[in-house]
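Labels for the chains are A, B, C and D, by order of writing; each one numbers its residues from 1.
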Amino acid sequence: MKKNNGLLQKYAVFAILILLFVIFSICAKSFLMLDNLMNLLVQSTILGIVGFGLVFIMIAGEIDLSYAGSIPLEGAVFASLLANGKPYFVALLAAVGIGLTISFIVSQLVTRFKLVSYITTIAMMFLLQGIWYVLTGGKNVFLSEEMLNREFIFGNIGPFPRIVLLYVLLFVLLYLLSEHTPFGLRLRAVGSDPESTRAAGLNPILYKTLAFLFGGVIFTIGAILTTARMSGALATSGSSLLMPVMTVAFVGQTFLGMGRPNIPGVFLASLLLAMIDNAFVLMQLPIWSVPMANGVILISAIFLANIGKNEIIQIKF
Amino acid sequence: AEAPAAEEAAADQAAAPAEAEAVPADDSGAKVIGLASYQLGNDWNIQVAEGVKAKAAEMGWEVIQTNAETDSEAQLTALEGFLSQGVDGVVVPGGAGPTLEPVIAELKAAGIPVVTVDLTTQNSVTDIFPDNYMTTELLGVFSVNKMNGVAGKYAHLTIPDFGWKTVDIRDKVADLVFEIEGWDFVGILDSGLADAVNQSMTAVRSTLLANPDLNLVYSSWGMPAVGAAKAIREAGLQDQVFVVCTDADRIVLAEMAEADSPIKGVIGQRPFDMGTMAVDYLQKAFNGDTDIPKTAFAPFYFVTNNPELLPPGVESLTPEEAWTILYPDVEFGEVN
Amino acid sequence: MADTVVLEMHNIDKQFPGVHALKNVHFDVRKGEIHALVGQNGAGKSTLLKILAGIYHPDEGAISINGNNYDRWTPHQIMGMGVSFIYQELNLFQDLSVAQNLFIGREPTRVPGVIYRNEMRARAEKALARLDATDIPVDTLVKDLSAAKQQIVAIAKAFDQNPSLIVLDEPTSRLGLEDSEKLFAILNKMRDQGLSIIYVSHRLGEIYRISDRITVLRDGCLIKTDDAKSITPRQLVQYMVGEDVLTKKYKQKDKCGDVLLKTESLVGDGFQNVNFDLHAGEVLGLVGAVGAGKTEMVRVLFGIDLFESGMISVQGNKITRNKPQKAIANGMALCPEDRKYQGLVLENSIRENITISSLNKVKTSFWLVDRKSEKETVNAMVSRLRIATPSIDKKARELSGGNQQKVVLAKWLCTDSCIFIFDEPTVGVDIQGKSEIYDLMHELANNGAGVLFVTSDIEEGLQVSDRLLVMYKGSIIKELDPHCSSLEEASLFAMGGNLNEKE
Amino acid sequence: MKNYISFLSRSKTGETKIGKSSTNYGLIAGIAVFALVFIFFSIKATGFLSKINLVHNLVMPAAISAVIAMGMTVVMAGGGIDLSVANIAGLAGLASAAVSAQFDLPVPLMFLTALIVGGLIGAINGVLVAYAGISPFVVTLSVVYLAHGLQYLISLMAVSGTYLMLPRVVTKLGTNAFFQIGFCTFTFILLFIYLDRSIFGRYIKAVGMNINAANFSGIPTRFYTWLTYVICGVCCAIMGIMLTANEGLARVGSGESYQIDAFLLPILGNTIFGRFSVQGTLFSALFIYMVINGMFIMGVSPEKVKIIKGGLLLGIILVSGIQKVARREN
């Protein structure tokens, strides 16, 4: 009911991003170097892409935390196939196929059986981690440079690493899809009120399923990029993404005062996180200060974006 | 790094620390080195980092330290940061070798020498290891002697598939040693990394229940051994089951100090010295030395109250002695 | 032509757990008629319509639309047949803009797959203009609109789909006089163009004004379908209720007690300069068009929102920073406008809802709830207010609207309140329920409480109140004596006119 | 009570029907599955029924994770969520170990320190959620980072910067089943009374289910929202004490292996019991730990246990989901 379009709220997080950028440029030598900035972009890429996947599902009003289980699994399948001399596209297809299968199962559990997506996808995460173990015998699968063709993914086009271009491309496409197409609008509608969707003649089950499948494909892209970056599939690659990805998805909600899951927010939030990590190392601050700064910046950004709203936000289970 | 490396170990053991004292500080100006720790969650890893920092301070170098908290991607990120920052040298204690290989290669290409501790890489100047082959074998011999030459039944506590090279080697060697001796293997028990004491306590309790005739718990690092000891004491089986492990953490030594402690043999590594060794090798690399071994081994102590169970010629320390050497600032038995 | 049947629902039967909501109901609609569907709360009207919409599946029965028969049908099919719905609980997306709401599911595109925003806005403006609702900005989020405007958006959406049959479930319950009139005009025009309309309402006046035929449901059974002209209002009420109910006139009370509630030049968001007294023993009516600011003022009185300036005094205590706890401690009670989201915790049992504000009275030592005395209190309330439920442990969600309203009232009767504020207590409540609520208000007043009765239905305001305040655009512009004022006079004030102008 | 309405002068109009709310099939199914699994293990897993197994391997670990999950239950019942529970537990344990090392505090004071630290962090969470109106997901996520940083800061007090060892008295207590189970029982009883029987519990549940209606009913919603986080923080601290005493040491990251349990158990309890309740959480804890323990004795490897745990969870949720769908179809 209250008008809440103040400049501060709208641009607070954006302002913090800029402010930190300026501070870091001054305080951290070599922060502004092109090399470092490119590093920073590369480092935010995987986080951001997996975040895009999560946000798509959040736009449809659900959440999917199973990525912490599916990413290592898809990575392992991808890497083992490559290691066994299978062509690139076969490995790729297999990984995507697995991602789609997992997402399809999750989506059916959530939509047809009306299961709460938090708990369903956490259970799924456990299950997938177990399956990962059985499939790999518990071993990390490493790939050599030749098998991986790492250069193909991380090489540059002009001054820009390919992976960064891919990231920006995905960002633009997904932004258009989520904000400017009927599909995106309907996902939002389904997310905000599934009952009314039915009344509007749209099938919420269909749209939620599509959102999960879409998210699943994006998670798979994340899995493949992770595998490429880590030169192999690691057991820990999923669980170490769990928290940061949630962070970018939630912090992203406050960008531009949208107050709802959105793609540009994830993009900027992933940059923000990568920037803090990067600059703190450059400034040689003590180890304990990095998590503390993360916490303080996160909370103050959102505090500023929230001033005047002041109503208790509740979680639906 | 394969088995024959164990042979070279003896020579390096003696040589490395001796040299450490000998190398003088570099006058050619202060260096900046990056220290990209994989994790800082136990005494061992902290001590490596402390060793690096102490030695670097002595040389008047600056150290930039990062902590990946077991996230390989964070460690990779840190190394990429060092690269774009243009540090003079890098020390990498722990981590997943193949993951770091590309960035270490880039560092090498940029003329920045990298010394790793506890992981195998191709493009580093040298990889420093505790001599896990020899130490684990010693623990095996010690255990057999403790059983008067009879093979018994043992359980193996570790963090499966953690990608921690040292632990991997210990696991493999241990299982090999015990298999050759004809021991009965009960199974791998997962200690986990967080809350390892607690988790291994529960695991060992259940194992004792299913295998009342267990004789030995072999633990590939320190904290789970403490959990195992607690579980064994709780079941009143101190006389039947004993524990051997690697890592003379304070908590392990404190546990050993208990009169009825089931922990009988502990390998005390010297992580601090591994840290100083790393800096020494960097110094050599800066000086353009060519005789740097690709794999270097660090010295260790065998800690036990029963030295008679060791093969002849192997020196050992009592827990008190080990404590005073490893933790000179704290009085033995004092908890903090 | 008037006899062509466009919709026929055959032998519809529907059971919910514990409720037989529809029993073998037959219902048909002809081309070009307005067909009123009436019945008390819980009679099954909304259920019948939701079955038509394909939201619920009937246990038995079939439908035929324009001669096509269906045994099982989906919302999509029904919409494809040119049927549009306006539900009792508005089915708008609160987080989407007006334009997005209007065109969800049929978004205009220029480049295939990309929404053509300008076109969408323009068409939204046109759709709203058809209802003379040009004051609704098409880019605002629906949640930022007033309830009345949301209703208009829903209607505009339904009309814009060029339906051949349109279903309206209590559309005027949130509309003001002016907007209702506009709606009737549009409906009449549509009918004349051959459109069929199903119209649900609890307001008898409206039903007779616009409907051609009337179907009466009672307890899930079909009672009567006939031409509007051949049913007298009295008969209609009889069909609905099953017995004869007379509209009572309440006797004017001669003596009034002390001032319980007093405001002086109260200013807040949505109203200004409000002065009035509420005395013990009276029912003070407050009427005004929807959007006049009544709810805003009431929220401030109860401390939900803060006021900007002025003064509130309750039983002689001046209040500066008000909040609900303080208001309740001062003896105030509010039955809010939106009983489902403000009055009740729908997932909680009736018992828990009734005692939530008076737990202090049913606690034992250490703040534990004394379940025995709680049960006694609740049982007494349930039987006294005749709340129709098989058990006090049933969820509030499972009650009909009128009964939910009674639960809210029961909650306040359990507290030590002496000032009762009712904000639109009879919206969506059937005739019998309404008269019970009126009786209760007068009973409270007769026993020495002060009752502030807020309503947009000026007729009931006149019928029930002892004194009547009229609010217009946030100000109280007139105090009327309901016993000697006419409906026309009161409505004129509520619409901002005054007698001088009229002369 | 003032007599504004006639019946209040005690004209009791007949006893009204006292009915039961609709049968909770989830609960029946949950208990049945629990019983079946218990019987299965009793027969198949040697030593499962022994006292030491039931007490030390099943109930004791379940007790530790139940305490942290019960704290989360209170928050969830109030409509919030707290991602920082494990970190608060670790921080409280570490802080108490640190003060005990620094000032040689007696054991009760050491425990008190932990409770104060836990309560304080909980209060910060609560203020930001309830009074500043920030999403609990974001607030508690930030506190995850903050608490983690603080843990590092405190760990600098340790000899070599890793972990702090606890006094021997505490360590002895920590492996004592009475101590562990006692702490859990105590927390359970308090919270059970608080949530299920007291007027505050009613308030919290009303706030959790419909904060608007709670406000209109005169419940100070902000205060009670705040309170749920404080209670949760204190529970985390209790769990931190139980865990660190059990381990004999406190270090950065202590308690993190319980993060998932804290999240899962209340939701599982909610699925089975139909609402957030400490009894549901406790039941879930016992259930999960029974399965883990039984599997372990039967020689299933830890990783397979993970599959079985995930599958079992999915199974239970699926049953509740099918039941929900079936009820709707009715």
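By definition in this document, a contact is a pair of C-beta atoms (placed from the backbone, for glycine too) under 8 Å apart; a residue touches a chain by one contact, two chains touch by 3 or more.
Per UniProt, the chains are A = Monosaccharide ABC transporter membrane protein (CUT2 family); C = Ribose transport system ATP-binding protein; D = Ribose transport system permease protein.
Keep in mind that what you see is a predicted model, and the values were worked out from it rather than measured.
S.K.: What chain is the most remote from subunit B, judged by the mean position of CA atoms in each chain?
M.R.: For subunit B, the chain whose C-alpha mean is farthest off is C.
S.K.: Cα centroid separation between subunit A and subunit B, in whole Å?
M.R.: Those two chain centres are 36 Å apart.
S.K.: Can you give the whole-Å distance between the Cα centres of subunit C and subunit D?
M.R.: Centre separation, subunit C to subunit D: 42 Å.
S.K.: For subunit B and subunit C, what's the span in angstrom between their mean Cα positions?
M.R.: Using C-alpha averages as centres, the distance is 74 Å.
S.K.: What are the residues of subunit C that contact at least two other chains?
M.R.: If we look for residues of subunit C contacting two or more partner chains, we find none.
S.K.: Scan subunit A for residues touching two or more other chains and write them down.
M.R.: Answer for subunit A, listing residues that touch two or more other chains: 133, 138, 287.
S.K.: Please list all residues of subunit D that touch 2 or more other chains.
M.R.: If we look for residues of subunit D contacting two or more partner chains, we find 303.
S.K.: Which chains touch which?
M.R.: Here the touching pairs of chains are A-B, A-C, A-D, B-D, C-D.
S.K.: Considering the complex alone, what residue numbers of subunit A touch subunit D?
M.R.: Going through subunit A, the ones touching subunit D are 109, 112-116, 118-120, 122-131, 133-134, 138, 243, 246-247, 250-251, 253-254, 287-296, 298-299, 302-303, 306, 309-315, 317.
S.K.: Sort out for me which residues of subunit D touch subunit B in the complex.
M.R.: 45-47, 50, 52-53, 56-57, 60-61, 64, 97, 101, 157-168, 175, 243, 246-249, 251-258, 293, 296-297, 299, 301-303
S.K.: Residues of subunit A touching subunit B in their complex?
M.R.: The touching residues are 30, 33, 35-36, 39, 42-43, 46, 133, 138-140, 142-143, 145, 150, 226, 229-232, 234-237, 240, 277-278, 281-282, 284, 287.
S.K.: So in the complex, the part of subunit B that touches subunit D is made up of which residues?
M.R.: Its residues touching subunit D are 40-43, 45-47, 50, 69, 160, 187-190, 192-195, 197-199, 201-203, 205-206, 209-210, 223, 226-227, 230, 234-235, 250-251, 254, 327, 329-330, 335-336.
S.K.: Quick check on the complex: what are the subunit D residues that touch subunit A?
M.R.: Interface residues on the subunit D side: 76, 79-81, 83, 128-130, 132-139, 141-146, 148-153, 156, 208, 211, 221-222, 225, 260, 263-264, 267-268, 270-271, 276, 303-304, 306-311, 313-314, 317-318, 320-322, 324-325, 328.
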